[in-house]
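Below are the C-alpha cells for one structure; questions will follow.
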Amino acid sequence: MRGAQGETCTAETLAAALRAAAAVIAEHRVELIDLDRAIGDADHGENMDRGFTAIVSALDTATPETPAAVAKLAATTLISKVGGAAGPLYGTAFLRASAKLGDAAEVDGRLLVEALRAALEGVQARGKAVGGDATMVDALIPAVSAAEEAGDAEIATILTAAADAADKGAESTVDLVPRKGRASYLGERAKGHMDPGARSTALLLRAFAEAAK
Amino acid sequence: MRGAQGETCTAETLAAALRAAAAVIAEHRVELIDLDRAIGDADHGENMDRGFTAIVSALDTATPETPAAVAKLAATTLISKVGGAAGPLYGTAFLRASAKLGDAAEVDGRLLVEALRAALEGVQARGKAVGGDATMVDALIPAVSAAEEAGDAEIATILTAAADAADKGAESTVDLVPRKGRASYLGERAKGHMDPGARSTALLLRAFAEAAK
Amino acid sequence: MKKIINDPKTVVAESLRGLAAAHADVLRVEDDPAIVVRVDAPVAGRVAVISGGGSGHEPLHGGFVGHGMLTAAVPGAVFTSPTPDAVEAAVKATTGDAGALLIVKNYTGDVLNFETAAELAAAEGLDVRSVVIDDDVAVKDSTYTAGRRGVGGTVLLEKITGAAAERGDSLDAVEALARKVIGQVRSIGAALTAPTVPHAAEPSFDLAEDEIEFGIGIHGEPGIERTAVVTADELVARMVEAVVTDLPFAEGDKVLLFTNSMGGTPLVELYLAHGIAERLLAERGIVVERRLVGPYITSLEMQGMSLTLLKLDDELTELWDAPVNTPALRWGV
Amino acid sequence: MKKIINDPKTVVAESLRGLAAAHADVLRVEDDPAIVVRVDAPVAGRVAVISGGGSGHEPLHGGFVGHGMLTAAVPGAVFTSPTPDAVEAAVKATTGDAGALLIVKNYTGDVLNFETAAELAAAEGLDVRSVVIDDDVAVKDSTYTAGRRGVGGTVLLEKITGAAAERGDSLDAVEALARKVIGQVRSIGAALTAPTVPHAAEPSFDLAEDEIEFGIGIHGEPGIERTAVVTADELVARMVEAVVTDLPFAEGDKVLLFTNSMGGTPLVELYLAHGIAERLLAERGIVVERRLVGPYITSLEMQGMSLTLLKLDDELTELWDAPVNTPALRWGV
C-alpha cells in the first residue's frame, strides 16, 4: 500500500492490495474450506473466494477515486456476493472503514489505524462476538491493538504488526470453546481447531501488509 | 437317506435329509449372497436360508407320513416363504418330485431318479431355461443324467454321482453368458461368476448325498 | 453400511407398521402375509389394481396405494418378489365382480410368483388379469433371455391404470390401457453408488470414486457398462439418447418426462438433471407436457437417477391428471 | 464424492432451472439475484411469507413455494445463506400493502443477511417483519452463544403461516402465529453419514462404519456427540426423549409428528423409525394427531433422520390441514 511517497495509501494502492488479497484467498481456498469443514459447514473458503473474485471483477470495471470509495466497493461487493456469516461481517468491516476514511485522497498511517478500529467495531456491532468467542474477532482485536501501538510508523510497519498479531490471535482460537458462529454448536468438540474466519482475517491482513511493502 | 434296509428312503429319512440341507444352506448363506451380489441382487443366500429354516419349522410341527408328503411340505413351504425366482423354481421342483413319488412309503433308487428327472422338468417348465443359460438348470441337468447313469445303485451312490455332476455343472456356469434370471441383464459382464442358483442346487444335492450315507 | 433398523429380518414388517400409522386415512396394512390395502377396499364396482414386488424401492409400491392409484400393494422381502399367497391375499382383500389387474414388473421372480397367484385366484372364480411391464432400454430384449426389466414406467402405469379403474373402466378396458402404456413407455438408469441390502454386509457392487454404472436396474445389479464420471450434461444426454431412440420418440411427440432419484441423490442434483433433460427434449422437438420429479422408484440408498418417457395422448394425459390420493402422489383431492 | 452436476459454481442456478421447468404451474424462478416466486405473486391483500437460506436442503425452501405456503423462497449457495439483495428482491417481487413475514432459520449468516434485507425493504416503505426459528434441542440455548439452530420446525412453520396468510390474516396475526409455532416446536437430528458439499473434495465429517453423530444440524456440522451405532429402537427412543423433555410435551398433549429424512435415508428405514416414534409417544400418552414423513429438510445426500414435534391446538391443526399446492407438499387442491 505504498503511496507515491511510500507513506500513504491511495485509491490505487488500496485497489492493488485488494487484488493481492484476492490472490491470497484463492490460494488458501481449500485450507479455509477444510478449517470450516472441521467445525462448520465447509464453505468459508468458497465464500471468501467468491467474494474476492467479485471484488477483482468490480475493480476491473469501476475506478473508484478515493480509498474510501474503493473500500465501499469492496463492502458492497462482499455484502451482495458472499452471503453466510462472513459476507455481512466482512462487508460491515469494509463499510465502517470506508466511512472512517472520508473523502481523503491519501490515507496516512494514523487514519488507517482508525479505519481498522472502525472495522473491528463494525464486526462486533453486527456479530455481537467478544474476544474469546473463537471468531474472526479474536484475530481482529489483537491486530487493531498492535496497529495502534505501532502508531505513527509507516503503513507497511503498521500492517505487518497487525498481521503478526492476527496470526497469533487466529492461533489462539485453537484452544477456545466457540460461543458464536456455527462452531458454537459443537461446544467442547470444537477445541483443537482454528476458527476459519480468524484465519481468513489473518490472511487478509498479511496480504495487505505485503502489498504495502 | 438310508432307509431301514439302507436302500430305500422313507418319510423320516427324507425329513432328516432336508434338515441336513437346511444346515448346509445356513452355513453357505453368506457365500450364496456374495455370489448373487456379484451378478444379481444379493439375496439368494437369504432367500434359501429363509426357506429352509421354514422347512425345518414345518417339520417340527407336522409329521408327513410318506416321502411324497414330506416333499410336498417342502414345496409348499418354499413357495410360500421364499419368493424371488428361487422360491417358485425350487418349490416346483419339490412339487413335481412329490407327485412322482406317489403314495410309496419307501422310495428306492429307481423312483428317486425319476423324481429327480421330474424336478428338473418342473424347473424347466416354469423357468423356460435350457442348459447353457447359466442357471440352476446347469447344475440339475448333469445331476439328473448322472443319477440316471448310476441306475440301480444304492441311494447314496446315486446322490453322490448327482452331487458330483452338479458341482461340475455349477462350475461350468462361470464361463457362460447368462440368458435367464437377473444375471442375464449383465450380458458378457457376468462371465467369470458362478450362478448362485446352480451353486445352491449343488449344495443341496451334496447335503442329500451325505445324509444318505 | 449403517442403517436405521433393528433386525434385517423384521425391516419390512416394522416399516409397514410405520406406513400404516402415518397414512391411516388412506391405507391399512394387513399382516401375515403382509399386504397394503386401500382403506376403503374392496371398492364396489371398481377394478382392483394390484402391484407388488421386493421391498427397498419405496415409495413403490405401498406408497402408491390409495384413491386413484393402487388398490393394494404386496411387499416382498427387500429386493425379493413376494410369494403367491401374499399376492393372493391382496387379490382376495380387494377384488369383487369387476375383477383385478395385476401389474407385474418383468423379473423372473415377480413373474413366477404373480403367475401362481393369478392361477390360485382364478381357481377361486375371480377374474384376474396380469400385465408385465418391461420398460428398461438398458437390456436388449430377446425371446431367449429374461427380457427387459420393469423400472420407472411402473409408477406411471400404476397411476394411469388406477385412474381408469377409479372412473369405473371395465377390466377389459383397464387391461388394454395398461398394454398401451407398456407399449409406449421407456426408461434408463444410472448409478453413482451401490445400495446395501440390510441382510448383506457390503454394498451390492463396488464403484471407484471416478466411476459410474450406466444402465442399472433397481436391485443393485451392476449396469450394462461401467464408465468414468461424466458431467451432468453428458450423463443426461446419454440417457435421453438411449430412451428417445428406443421407442423411438419423434419430433412433435407429446410426452410425460419422469426424472427419478434412485434414493440417495439430493433433490438439488435431480432438478439440475431434470432441467437438462427438458432442454435436450426441446431441442429434439419432443414436447414435454407433464413431468414428475423425485424419488418414486428407488433402490434403497443408491445414488443415481433414471429417466422415463411416456408418449402421451389426450386419454393418458387426462388419466394422469385425474385425482390421486396416496402417501407419495397426491393431487386433485 | 460423485455428483450429478456440471460445475460446483453453477449447481444452484442450474437446479433452479429444472425446478422452474418442472413446476411452472405453481412457481416461477427469477434470475440475478435468483429467487423462487409463486406464479401468481404478488397476491393482492395477502401477507407475503418469505423464507430462504443456503441450498442443499431441498425441497426446503423452493419446493414449498406455492398456494397456501411460501410466497417466495431465496436460495443461497449450497449451505450459505443468501445475500440481502436477493432477499430484498424476493420481498419486492411479492410484497404489497399487506406486508411480508420473513422466516429466518437461526444461523448467524441467515440472521445477518435477512436483517439487512429487512432494513433495506423497510427503507422502501414496505412493512416487513422477521421471525427467527430455533427449534433444535441439540444445542443448549444461551444469550452468550449463537443459540439454537432452525431445523425441521421450519417446514411446519412455513406451512402454517402460509395457510394463515392464504386465508387473509393480517401481518400482525401471521407474525403472532409464527411466534406461537416457534414457541411450541422442537426437533433433534442424527446422522449415519456426512454430506459432501459440491465445492469440497471430501465429506463434511468422517464417521467410522460403527459410528453415528447424534444432535447434528443440516449443514454437515458434526453433532453434539459421536456414539456407537445403535438399533433403531434405541436411536428413536433417544431422539423422542430429547425432544419431549425439552419443551416439555406432556401426557395428553396433541402433536404433529414429523419424521424427516436427511436426504440419503431410504424410505423403508424412515417409516420404520416413524413407527417406533408413534409407539413411544403413545406410551407417553402424547397423542399424535397429524404426521409428516419424508425427506423435507435435508442435508444433501446425508443419511440420517430428524424428529420434530409440534404441539397442536385447533387453530394449528386447521391451518395444517388447509389446502396447499407446492412441489413438495400438496393436499386439499
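In this document, chain identifiers A, B, C and D correspond to the written order of the chains, with residue numbering beginning at 1 in each.
Note that a contact is a pair of C-beta atoms (placed from the backbone, for glycine too) under 8 Å apart; a residue touches a chain by one contact, two chains touch by 3 or more.
Which protein is which chain? UniProt says A, B, C, D = Dihydroxyacetone kinase.
Remember, it's a predicted structure, so these values are computed and weren't measured experimentally.
Touching subunit A and subunit D together: no chain. Put simply, the C-alpha centre of subunit A and that of subunit B have 74 angstrom between them. Centroids of subunit B and subunit D (each the mean of its C-alpha atoms) stand 54 Å apart.
Subunit B and subunit C have Cα centroids lying 32 Å from one another.
Multi-chain contact residues of subunit D (touching two or more other chains): 78.
Taken as a contact graph, with one node per protein chain and an edge wherever two chains touch, the assembly forms an open path, each chain linked only to its neighbours along a line. Checking each pair of chains for touch leaves A-D, B-C, C-D.
Only residues 30, 33, 37, 39-43, 46-47, 50, 79-89, 126-127, 179-182, 184-187, 189 of subunit B touch subunit C when the two sit together in their complex.
Those residues of subunit D that touch subunit A in the complex are listed here as 8, 54, 76-85, 107-109, 112-113, 116, 138-140, 142, 144-146, 149, 197, 199-202, 204-205, 217, 219-222, 224. Interface of subunit C with subunit D (complex): residues 1-6, 11-12, 14-22, 55-56, 58-59, 63, 78, 192-193, 209-210, 212, 229, 231-233, 235, 259, 263-276, 278, 288, 291, 293, 295, 298, 300-301, 303, 305, 327, 330-333.
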